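After the structure tokens below, expect a handful of questions from me.
Per-chain numbering from 1; labels A, B, C and D assigned in written order.
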Amino acid sequence: MSSTSDDRRYVLTLGCPDRPGIIARITSFIAEFGGSIVEAGYHSDRESGWFFTRQAILAPTVPFPLDELRARFAAVAAELSPETDWQVLDSAARRRAVLLVSKDGHCLHDLLGRAASGELPATIEAVVGNHPDLADMTRAHGVKFHHVPFPRDPAERGPAFEQVRALVDAHEPDAVVLARFMQVLPAALCEHWAGRAINIHHSFLPSFVGARPYHQAFARGVKLIGATCHYVTPELDAGPIIEQDVTRIDHADTARDMVRQGRDIERVVLARGLRWHLEGRVLVHGRRTVVFD
Amino acid sequence: MSSTSDDRRYVLTLGCPDRPGIIARITSFIAEFGGSIVEAGYHSDRESGWFFTRQAILAPTVPFPLDELRARFAAVAAELSPETDWQVLDSAARRRAVLLVSKDGHCLHDLLGRAASGELPATIEAVVGNHPDLADMTRAHGVKFHHVPFPRDPAERGPAFEQVRALVDAHEPDAVVLARFMQVLPAALCEHWAGRAINIHHSFLPSFVGARPYHQAFARGVKLIGATCHYVTPELDAGPIIEQDVTRIDHADTARDMVRQGRDIERVVLARGLRWHLEGRVLVHGRRTVVFD
Amino acid sequence: MSSTSDDRRYVLTLGCPDRPGIIARITSFIAEFGGSIVEAGYHSDRESGWFFTRQAILAPTVPFPLDELRARFAAVAAELSPETDWQVLDSAARRRAVLLVSKDGHCLHDLLGRAASGELPATIEAVVGNHPDLADMTRAHGVKFHHVPFPRDPAERGPAFEQVRALVDAHEPDAVVLARFMQVLPAALCEHWAGRAINIHHSFLPSFVGARPYHQAFARGVKLIGATCHYVTPELDAGPIIEQDVTRIDHADTARDMVRQGRDIERVVLARGLRWHLEGRVLVHGRRTVVFD
Amino acid sequence: MSSTSDDRRYVLTLGCPDRPGIIARITSFIAEFGGSIVEAGYHSDRESGWFFTRQAILAPTVPFPLDELRARFAAVAAELSPETDWQVLDSAARRRAVLLVSKDGHCLHDLLGRAASGELPATIEAVVGNHPDLADMTRAHGVKFHHVPFPRDPAERGPAFEQVRALVDAHEPDAVVLARFMQVLPAALCEHWAGRAINIHHSFLPSFVGARPYHQAFARGVKLIGATCHYVTPELDAGPIIEQDVTRIDHADTARDMVRQGRDIERVVLARGLRWHLEGRVLVHGRRTVVFD
């Protein structure tokens, strides 16, 4: 999503129970005021009987303000079903991301670099780390870094998580990115950030859930390793998957080699999943995602 | 596309100059008679200013015969633009393919195997070969094989091509597949079969046009080899691309190894491109294709 | 491996505990009689402390018969370690494969096609099916088909498995290929064919072990599906992995679509793994494989 | 290559005319002093009749200094052939890279991030840019940035290139990386840095040589885009290829989308190619490379 005025878009996303006529109803609504649709994705999920769409309307072709577009569309949405779930994003509105990190900096560096190159459709508002290692690099990019030390005993981490929550929430982020955070979020925090907390897991899920997946992969003798970007839910590494990818390895690769090669996949999979999330391309339904990329 | 009666679909494909309201017009037309859209693809090409769509309507939800659907839609299409290019396919109608081959049988075997496994949405009506080598295998699959010998001198091949043309046209095929035919079609035949003749070229085009692409690839020292499925046009290996894929090679692979590994890519790329063509998923505009896969 | 006389090769494979000087010992042995090494792979596994090698020697450069090469090398192997595991294959010797199938013919068609195209370094001696569906196609390729009906009750399948065993063993196969056989082999049969029985599992292992992996993949909402070629061991889908690959899917793909797309991966992964096995490229150590491709 | 003392390695690379006995000669030399080979790659190129090897010897198993290893091996190399080309690298020796950039920072950011994460087996000594845009970011990473403005008229750029040459040469770099430098090096500079200057070209070569490859790719309607890392030679984009990769695109991707997606490939392909170069994994022979990865 770009913010140049010519190219400004209102992005409508919607999910509702499927029935004939939905596309016609929505697109007629847009056509009535002369709106120009520049991207349109539709999906009828026959398994769940649910319908999903994402449509990007050129903002200059909408003859009234965004608020009025939302107010007018609310009536259409209600007419389609009381269960309709929808929103309209403005591509010109700044999106905000907060990153949670630990000691491993490769995903952080990548996202800071993308932000600097204009490749990330969001600003990185702050980085919170349970170790101070990545503070200098973060600040060199002009981004705030908060160090929240975590006690060794998992049972005593409650206050640290409370502090992280407060630091994150202060920025009202559109995305809370666990960029190799290495801490399991408490269930309450998962619920609180539901649909906004995004994790990168360093395996091709559902293979190798939990700790040290590359070592698990080495022990099993797989021929490809991967990474998975998913929404965080209370069940570990089991949230709806946004994106995955793999890379080939062979018998000569040690677990340490896999760690190194895996980083190239982790970086790209996280960056891609995060961009799709920020651009309103990801619709969640149960444990599955619809991605209009 | 399946032919079970429940799942029978009318597949509408359309291209026309873009302007606001097209999706609304088409989907309203479908909604008016209660048609259920089970697959919908839309694309606005901002470069060319052209709009493309493919929509699969569940046939049992259309309360009149296909001919009437076509007649009614013709009015909508004309209203959108005099330039509108459209068709409605019936998933229950048998599609026909004719294959042209030479001596190399890997693509032929693959397509015969897919036809036998029910993976190809068409029947293979006949195979025409400029060598007799693949006759027995073709016939073992219960498919007709015609041998048309080609003279050595390219200048004298006119009558042979005329014979091929007659043999092919007798089947009124939806697809004429050059399954490693190794003969350059005369321009007139390219025009005659325009939009139906599909070739598999054993390189990642536009790299390595023409003869012995794997040997060209070896000489250049590339690290990936590929295959390209494209519509045949008079300019050699320059037609609109339907599908491409690649596989990794290394310094230890000789040109002969590349030939062998390349076959795995050729088979899959041709089968995929052919299926998309037969299911009305490929719309051509100039030198580019829109593929609603 | 080719059988043209010029290109005939003796392929030495060896595994033994690692220590300095092994490569020198082996290659000096070959150099002493002027042997020309055309392919050489070495691997020191630091985790297990084991050494592996595969070397292809041009047969015309060996000035004595294969038996004498084996006899002479036996002394070298014993000198390296009493645990040394080695063999010498002759690329000119015909390799034999027997295939086990059920109703699904896509892997069978592919392997028959490859055999016909000269892409498989083995002859397919026979096909055994627990259903008669694939008999005609097999016989059309000039290959014997044996139908062994399996009782519904798994507890009563012992005699059927005994019959399969006898039919297979009669061919003294170098590879017993479970080409979508869909029956779990009894442990005794796994042991009996250890190192020769190869299965294609239609998921990216260790994800989705067991039945209906594509349906499991659909339910989990993964973004890639895969296939795994592995040696059969008594523990289900847990044998040493020879080869794996994946293909991208998206939210629009149903479990049925995955079945269709997955077949393209299954075919290629099985064919590749089988070729490597037949050419002596796969060395097994515990649960891992060394593949000199 | 790691620099921890335990893991320190002497890496021998060699190319010479092939003949029987070379591996035995080299490995016997190493075995004589009890050297432990932890990585071994061999390649006999039958086309050119040339032999290549790379062997990593654990430094603690070599009972004399590196200089003596080199002196002793020189005799072996000379014995093999007067044409033998060889070197021995010390994994503990710091390797130096200098980067040339323009305005586009994605490759620079990536390499700076990798250097900070310890993923690059070299230090980035300096960055030279023909625009000042990337100066601040470079300096934030503690790396020197030199701005050398280039005149608009290509005919007048000689002095600027001279200045670049002097700045680069002052660091005696093992690698001169054109990280999207966007300037064609003069032939003299290509010769001067032969075997050390590495470029990332944003297409899958030999497709789309020269300027604006993504726009060329869009116009041709390809279904995959790629990137190529290669040694710089006087002929534009025609040097020996070290590494390539591709990513899938579709009809909905504009040239601008391709630019964005292509960056993910450029970053990874350049980083991989550069690492292989720095670790002595790339041997050049004519227009082809042997890569022992």
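Going forward, a contact is a pair of C-beta atoms (placed from the backbone, for glycine too) under 8 Å apart; a residue touches a chain by one contact, two chains touch by 3 or more.
All values derive from a computational prediction rather than experimental measurement.
The most distant chain from chain A, with centres taken as the mean of CA atoms, is C. Set side by side, the interfaces A-B and B-D show unequal numbers of C-beta pairs in contact, with more at B-D.
Note: centroid distance chain A to chain B, computed from Cα atoms, is 37 Å. If you average the CA atoms of chain B and of chain D, the two centres end up 41 Å from each other. The set of chain A residues that touch two or more partner chains comprises 39, 46, 252. Every residue of chain A that touches chain D in the complex is listed here, in rising order: 39, 104-106, 109-110, 112-114, 116-117, 119, 137, 140-141, 252, 260, 263-264, 268, 271-272. For chain A in complex with chain B, the touching residues are 20-21, 23-25, 27-28, 30-31, 34-42, 44, 46, 61, 248. Chain D meets chain B in the complex at residues 43, 45-47, 204-208, 218-224, 226, 240-246, 250-252, 254, 287-291.
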